[in-house]
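In what follows, chain A forms one complex with chain B and a second complex with chain C.
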Partner chain A sequence: MKGNLGEKLQSLPKPILYLILILATSIPLFFPTEVPNEPVESTKDFYATLMALPEGSKVLLMSDWTGSTRGESKGAFRSIFKILIRRKAKVAIYSAADPQAPRVAQDAINELNMERKRKNLPTFDRWNDWVNIGYFPNAEAAINGIANDLKGAFGGRKDFPPNSPPRDVFQSPVLQGVTKVEDFPLMLVITASKTSNFAVERVSGRTPLAFAVTGVMVPETQVFYQSKQIVGYCGGLKGVYDLEQLMESGVNFPDKATGKIKSDKLGTIEGFPDPDNKGQGTRYYPTLHYALALMIIMIILGNVGMFLAKRGDKS
Partner chain B sequence: MIPLLQAQAPATSFWSEAFNSSELWTKLIITLVVGLVVMVGLLYAPIRARKPIIAFFTFISGAYWVLLYLWPKPIDRQPGEMPLNTVETVSFWLADSNNVVVSFTQILTGFLLGLGIFSLLKIHLTKITKGHKDAFFSIVLLVSMGLMIWFGYADWFDRLGERGAMLDNRDNWGFTQYGRDFLFEGLLQQMDAAMFSVIAFYILSAAYRAFRVRSVEATILLSAALLVLLSLMGAVSFVWDENVKSIANGNPFILNFQLTEVAQWIRNTFQTSSIRGIQFGVGLGALAMGLRLWLSLEKPGSGS
Partner chain C sequence: MNYDLLRITAGVIATIGLYSVLWKENKFYRFFEHVFLGLAAGWTMVALWTETLKANWWDKMVGTPAETGSVATNGMYAYALLIPFGLMGYFVFSKKHNWISRIPIGIILGLWSGQQIQVWWNTYGPQIDATLKPILPTTWDSLIVPSTNGLTPEQLSQVQSQIYFSQAVNNFLFTITVVSVLSYFLFSFEVKNKAVKGINTMGRYLLMIGFGAIFGSTVMMRFTLLIDRMHFIWIEWLRDGVFPFISGR
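Moving on to the complex of A and B:
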């Protein structure tokens, strides 16, 4: 590396940059720390919507995430299911973005069930508590069909009841009495792709919509949240961490004066303290911190280098 | 009303045969054969004859969606209700046929997966047979694909039986389920995550090398980006906000300088309005492109 200090600062070799990133993102995983945090309004609204579901509600969930975004999406998926299980909700899951998505969702629920089984907690049973409606190759057509004729769109789809061959999903307790999209008091979309836009285009105004999106999708999702086309959203890893903290502390709970997380807009929403609430968000959030800090430092370093180099040229 | 398009009459529909029954399989095979004959017929039709056929079907398919969007929709329609006039007849027909058209769309999109497999096989089998220098990777790809398909289908067939739901529990797994889990969860999902993680390295490298304060615009952009980045760091924003709160002592103006408030202001004021503008532009572009495709003015449609 030749040249003055300014030039040197601007041209750190890539392998060194990459090594620093690897260290900055992996070391925090071995030293779990709880980072102080104030959940954002969108996640508070998201949590409030889930907690406001009457017990036994039927929820339509579009699960459009796979391994590529599991760092964020799996954490959101697990937290959402922990809340839905607590609300004794029944969930109809379908996917439209990736053929892998239904299996990924199914595996994530099975994993959650295995953990609950180990702790002697009741499991969230397929067919009785949730059904996997499967994959629809064309996301826009699928949501169009769901909005116009839900019975027709899901008609003929089968899932697995206990000790029985596959049966029509409408025979499951999850979809009993459901004939149109308005029969779901909430539609959730956990996505890493544009399929959330289709849900806004076709379902907004018919039934409340709430999203769990990846970090890069936050700006475009904020547009729908600001215009009140969606009731709330959980964005990126920060959103997952917010959600885990909300599960633990609630909002204005036990009251506004003593509550750890406060909101002027929302009333008292209870939390349910449980060591299990701290999941992927709590584990990965420090890593995100260090990665962001590293990026800020590197940007500053590059700019300082540029100024030093310019000054050197002038002198 | 065309019976095929009556979505409310599934009991007598073509597809209402029992699941896995020989009647259903027979109908599926006949439909597949007819579909293939039509496709082969189109392939062997003279190009001059092919173009108007494709343009005609493209226009009809697009016209359905345009009509569905623009035509008045039935209001408070009751089951078995008869249309009163032509407008209502068309609106009932459009509503009833929606599900059938959506199903067609799903099936056609499903064919893209088949097309992808065909394309992969064609390229990589050619490489293998011709002894290309990268033929080894083609073999790895095809073997991986074959294994995944085999284990995937074997697992699916296992689940069709009475023990289907029991296979969600790992205790009841056999060789097929462990094989599928190893390939899908153990390899594919991990590699998927690893591939996506690589982006972090490029982002860091690009931010370091390209994010320079070279102009007023770049300075504004960089300042806004740094504020939003800092707001994502809970520890930083928490400490910053607590300090501002203690300085403000309840003064609402000073409270505006909390990092979360500043970041929220940037998001709500500049970011969302910019994205809305971009989305309007994209929407107009999509509309223009859609019209060109619908009317077969694009080269692939018109062949010109």
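Moving on to the complex of A and C:
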């Protein structure tokens, strides 16, 4: 590497930079720490909406994430299901963005069930507690069908009752009595793509909407939240971390004066302390700070290098 | 044989293979890229049949036998008419007959266009409504919104019905941002008026701040995905998979 210090700083070999990044995102994973955090209003509202569901409520869930956004979406999915299981909700799952999404959702629920089995807790059973309605190509047309003719859209879809051949999803306890989208007191969208926009276009005003989106989607989702088109959302890794802390501490719980997480807008919402609440968000969020710090240092070094190189040219 | 460990090991090798492109383009990377594309294409084809075409078209066309809890359904062979209609789309590859493909495409476009008025209003109506915010305070009792700790419901609703100075400032900033950004687009022809020019420039800077926020959250997301891969390799595979396997736990 020839040239003055400025030129050297600007031309660090890329493999070295990648190696430093890999170290910065690996080493902190072995040393779990906690980052001070105040959950944002949108996640508090998201949590409050889930916790306000009456026991046994039927929830429609559009699960549009796969392995490519596992780092963010899986954490959100797991936290949401922990809350839904606690509320004894019945969940109808469908996907419209990726053919792999139904299988990914199914695997994530199976993983949760294995953990519950190990702790001797009742499992969240397919058919009785949740149904996998499957994949619908063309997200926009699919959600239009669901909004206008739910029976027609889900008609003919089958899922597996325990130890039986597949049966019509409308025979499952999850969808019994459901004829239109308004019969669901909440529609959840866990997505890494634009399918959340389609939900706003077609379903907003018909039933409350709440989203769990990836970090890159936060700015556009914030617009829907501020205009009250959605009741709340959990955005990116920060949203997952918020949700895990809300599960642990609740809001204004046990009361506003002593509660760890406070809100003027919301009443008392209970938390349910459990070591298992600390999941992907708690594990990844501190590490993200190391990666961001590295990026800031590299930007500063690059700028210092440019300044020094320019000064060297002038002299 | 520990199949779970084998499965995760395959995932780790694929992850390293795909990241190896960071060093340079190589055959190891190419191999896993093609494996990934092949798996995704194969999965999609099967899913399209099992999860969509069979339930939404084939079963409705040929009918279904009686099963536990459900009665038999008669086939409706009119669904067969969808085959030539769908095939018309493939005429897009013919130079001579590609006009045929415009028929199904035109119908789809027509159906889509017809819905856009409602879609537009559902998307932007509430946003326009939410943009109309009061920019003058209605009370000077406090400059910021007072704490609602220990208030009765009546007192709480009274606090919530007021616009405090801090809220008014927020709303003013919001309104200025909306107006200046809109003016940046509305007056994107030669602007001579100095005041409008200033507002346009402010709109451009505010847009840049917005793009910065979007870029920031995108970077955070990409880092999170990398952290997840590192967790997969070091924790799920090495710490929780390989080490216990070697030590026989």
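Heads up, the rule we're going with is that the second predicted complex is superposed on the first by the 315 of 315 C-alpha atoms of A that agree within 3 Å, B and C clash if a C-alpha of one lies under 4 Å from a C-alpha of the other, contacts with A are read in each partner's own complex, and residues count from 1 in each chain.
The definition used in the following text is that a residue touches a chain if its C-beta (ideal position, glycine included) is under 8 Å from a C-beta of that chain, and two chains touch if they have at least 3 such contacts.
Quick caveat, the model's predicted, so the values are computed rather than measured.
Aligning the two structures on chain A places chain B and chain C in clashing positions. After overlaying the two complexes on the shared chain, residue contacts for A:264 are found with chain C alone; chain B is out of touch. Applying the stated contact rule after C-alpha superposition, one finds that A:121 touches neither chain B nor chain C.
In the superposition on chain A, contact is made by A:35 with chain B only, not with chain C.
Applying the stated contact rule after C-alpha superposition, one finds that A:5 touches neither chain B nor chain C. In the superposed pair of complexes, A:202 makes contact with chain C only, with no contact to chain B.
Within the superposed three-chain model, A:295 lies in touch with chain B and with chain C [touch as defined at top].
The superposed model built on chain A shows that, among 55-63, 127-135 or 253-261, the segment of chain B colliding with chain C is 55-63.
In the superposition on chain A, the residues of chain A contacting both chain B and chain C are 14, 18, 21, 25, 68-71, 99-100, 136-137, 144, 156, 158, 164-165, 219, 223, 226, 236, 238, 288, 291-292, 295.
Residues 7, 10, 15, 19, 95, 98-99, 102-103, 105-106, 108-110, 112-113, 159-166, 168-170, 184-185, 188-193, 195-197, 200-201, 203-205, 207-209, 211-214, 222, 226, 229-230, 232-235, 237-239, 241, 260, 264, 267-268, 271-272, 275-276, 279 of chain B are the ones touching chain A in the complex.
Here chain C touches chain A in the complex through residues 22-23, 40, 43-44, 47-48, 51-52, 55-56, 59-60, 67-70, 112, 115, 119, 122-123, 126-127, 129-130, 145, 147-150, 210, 213-214, 217-221, 223-231, 234-235, going by the rule given at the top. Listing the residues of chain A that touch chain B in their complex gives 10, 12, 14, 17-18, 21, 25, 35-38, 40-41, 66-71, 99-100, 103-104, 106-107, 110, 113-114, 126-127, 136-138, 141-142, 144-145, 148-149, 152-153, 155-156, 158, 160-166, 219-220, 222-223, 226, 236, 238, 241, 285, 288-289, 291-296, 298-299, 301-303, 306. If you check the complex, the residues on chain A that touch chain C are 14-15, 18, 21-22, 25-26, 29-30, 68-72, 99-100, 102, 134-137, 140, 144, 156-158, 164-165, 167-168, 171, 197, 200-202, 204-205, 214-216, 218-219, 223, 226-229, 235-238, 256-257, 264, 280, 283-284, 287-288, 291-292, 295.
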